[in-house]
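Which chain is which? They are A, B, C and D, in the order written, and residues in each are numbered from 1.
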Amino acid sequence: MINKEVKNAEEAIQDIPNGATLMFGGFGLCGIPENAISALVKKGITGLTCISNNAGVDDFGIGLMLKKHQVKKMISSYVGENAEFERQLLSGELAVDLIPQGTLAERIRAGGAGIPAFFTPAGYGTEVADGKEVREFNGKHYLLETGLTADYALVKAWRGDTSGNLIFKGTARNFNPIMAAAGKITIAEVEELVAPGELDPNMIHTPGIYVQRIFQGNNYEKRIEQRTTQLA
Amino acid sequence: MALDKYGIAKRIAQEIEDGSYINLGIGIPTLVANFIPDHISVVLQSENGMLGIGPFPEEDQVDADLINAGKQTITTSKGSSLFHSAESFAMIRGGHVDLTILGAMEVSENGDIANWKIPGKMVKGMGGAMDLVASADNIIVAMQHKSRSGDSKLLKECSLPITGLRCVTKIVTDLAVIKVLPEGGFELVERAPGVSEEEIIKATAGRLIVKGNIPEMKI
Amino acid sequence: MINKEVKNAEEAIQDIPNGATLMFGGFGLCGIPENAISALVKKGITGLTCISNNAGVDDFGIGLMLKKHQVKKMISSYVGENAEFERQLLSGELAVDLIPQGTLAERIRAGGAGIPAFFTPAGYGTEVADGKEVREFNGKHYLLETGLTADYALVKAWRGDTSGNLIFKGTARNFNPIMAAAGKITIAEVEELVAPGELDPNMIHTPGIYVQRIFQGNNYEKRIEQRTTQLA
Amino acid sequence: MALDKYGIAKRIAQEIEDGSYINLGIGIPTLVANFIPDHISVVLQSENGMLGIGPFPEEDQVDADLINAGKQTITTSKGSSLFHSAESFAMIRGGHVDLTILGAMEVSENGDIANWKIPGKMVKGMGGAMDLVASADNIIVAMQHKSRSGDSKLLKECSLPITGLRCVTKIVTDLAVIKVLPEGGFELVERAPGVSEEEIIKATAGRLIVKGNIPEMKI
């Protein structure tokens, strides 16, 4: 097996240059690569294009990078919960591409799978369709959408082995596996890193072939946005 | 009397068929889950990657790695499954989800829906709404009949940017249950308890079809 | 949870009519729905269009249906290992559509995922491209291929629960999960059927939403085509 | 002396770089696995849904649910993973596999390959070959230099139906190692032990470029 372990987030991200296109796994704050984000904030690179379903909150997740003006453009499906984001957007400092969530997911999946373009019904008849090819199949209208890749994909898994195999937990899976496949360089951080052979081959969510660097992260905060419990 | 949000959710719960897979949007739709009768088996889908949403957790069960599309902490239930976002929308787009219930700002009499953008206001994004409305065969909208400023939300044509065309099949509001006819037009099906036909007619800007005696909802 | 258990293969397939389009999971003889195939042979329906990566061998798998002249057309990527198949093909009794394996897999995945068409590079410049739209993306040529669905998908899993969740074993997974999603009615047979809650939700390969009927099969032969072992 | 199939496999094994993911076709390519040196870490992909093919099983390890693309029983190895057919070809099509080694009936001097169909003979299908050759950046062909009837298989243009265009980067035959130049043409790189340049020139119908002294293979 091929050993892809690196020491930590700093080492994993050390060659990411200004102006890179990055994908970040996560849905809201669930399943985000916390360690890689911290290291990117510390490194201070700028002019980044970030592909992420959401943009974090003011003081956590990608919000931390926004605060330091590292992000030039966000490609997302929903960007609420973030005042600084709104300020930069309105002032013109930040560009945003809003994409229907399913189209975003499928474009990323296509990018990793070598599919340059596909047809999807989402957004037909809306402003999302502006400038896009429309075609009818079996009486229904579809838009042509293209595959998305990134220079680096930053993903977070629950467990992983040093050959890059990943297992996710709960709904922290979300965009992580498809982004892992769509990154030219994919950097995975895991809560627990084990030796090859310790994970059941039948139960791997992301095969190691998609992962170029892996490390065991630490101090996961796993912040909850809407802590909701049974009424007592 | 006009229904409150729980009343709307209760009435929608009556639309749910045994054995169906359902995607519930944020807001009133989420409340619907509380009113599904025990003898009916349904599976709730969460577009961030889960089938079989269980009840909210007890304090000691809270798990940051288990949330719904509204980012609330949830639990699994017996028979749940977890998957990634592309699989989740493959499920939605492929027509495997039987029923979608979501909120709206406006619905037009041919079933167009607008629920993601208000010109001049900060746009937060459409999330999964455009995929849901472009994919589902059966879409029920849960909303107030009129906006806070008193304007009808059931229109001839939507004035706000569209989320999807010709997709809404039924609307349950604080005042009425309304079917959107395939050929266009709002058909009044039920009145909220104590709400008159006249009141509903007055609150509906689009073409409202009223045939015969309109019964009151039973909730 | 929704209970999808049926008694056996006969009950599961009882409404499949003559002329139906069926998908069969499996790669070679690995992971094929043995019980459903037996029941189809017994039922004797004809005029079937079968979508399956391979066509079985003379006396096992889909070969059994070919022998009884139940199949009108095969849609496959490779159909060797079958003399009766060859005879029917040459005599014109049987029609065959040969599709590159990755295109077949992706067309099935697209069918289940509501993607009506997508571009793929496989087959460009070959006879597979005949009559298909060709388009260039980033200097490379691609063919437009359409999604595939079936009236019924017949799949075989290792374990399943009565709400339709499936877990596959080893390389017996192959086409099964994507076909499960592409069948209008999907019939799953499993080696072990358990109650909902007994399978880890995090380790499900096919979510129950894709499966309409499920039963525990019996007498699995699991024939091996190329038994290969270490040299002693 | 011309190489046997083991010799061809052995020579191809020298092309393999540490840390690469490799898809081996059926026949001679499968044999390559036996000659990869121990100090090199590679992962073998099987297009029916596996990464990390292990050795063939012992008699008591044979598992009908674990086969390679040639339908032979195999084993997993440490770090293996299993997946479905669409994922397997997503991996191939997406360019994640570093090296593909496969057999051929003909290769043309611009890198076209024909290996799936002979007119007049029963066509068994292309399997995964068209996906592999359309997707991989680095394709090595393992084959005999001449057909059984003595015709060259390295041609100006393929005479058989094409599997893929301009895709082969290197050819290892029983007689020689040959690079396919990006601008077209076969460049002779190495001779099999004891095989003369003349013999290779005679056996090659396409344009063969011979520059300087051509060394013998070291195997």
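What we mean here is this: contacts are C-beta pairs under 8 Å (C-beta built on N, C-alpha and C of every residue); 3 or more make two chains touch, one makes a residue touch a chain.
What you see is a predicted model; the values in this text were computed from it and never measured.
Student: Using only Cα atoms to place each chain's centre, name the chain farthest from subunit D.
Tutor: Measuring from the centre of subunit D, the most distant chain centre belongs to B.
Student: Provide the C-alpha centroid distance between subunit C and subunit D, rounded to the nearest whole angstrom.
Tutor: Here subunit C and subunit D have centroids separated by 29 Å.
Student: Using mean C-alpha positions as chain centres, tell me how far subunit B is from subunit C in Å, no decimals.
Tutor: 36
Student: Could you list which residues of subunit D touch at least two other chains?
Tutor: 50, 76, 82-83, 89-90, 92-93, 135
Student: When you check subunit A against every other chain, which residues touch at least two of them?
Tutor: If we look for residues of subunit A contacting two or more partner chains, we find 106, 109, 113-115, 120-121, 168-170, 202.
Student: Each pair of chains that touch: what are they?
Tutor: Between chains, contact exists in these pairs: A-B, A-C, A-D, B-C, C-D.
Student: Would you tell me which residues of subunit B are touching subunit C in their complex?
Tutor: Touch list, subunit B to subunit C: 19, 21, 41-43, 45, 50-52, 76-83, 87, 89-97, 135.
Student: Sort out for me which residues of subunit C touch subunit A in the complex.
Tutor: For subunit C paired with subunit A, touching residues are 106, 110, 113-121, 135, 137-138, 140, 142, 146, 167-170, 202-203.
Student: Which stretch or stretches of subunit B touch subunit A in the complex?
Tutor: 46-50, 55-59, 62-68, 70-74, 76, 82-86, 88-90, 92-93, 112, 122-131, 134-135, 161-165
Student: State the interface residues of subunit C toward subunit B in the complex, per the touch definition above.
Tutor: 1-3, 109, 111-115, 161, 163, 165, 181, 195-197, 201-202, 204, 207-210
Student: With touch defined as at the start, can you tell me which subunit A residues reach subunit B in the complex?
Tutor: Subunit A reaches subunit B through residues 27-31, 53, 76-80, 86, 89-90, 98, 100-106, 108-109, 120-128, 158, 168-178, 205, 222-230.
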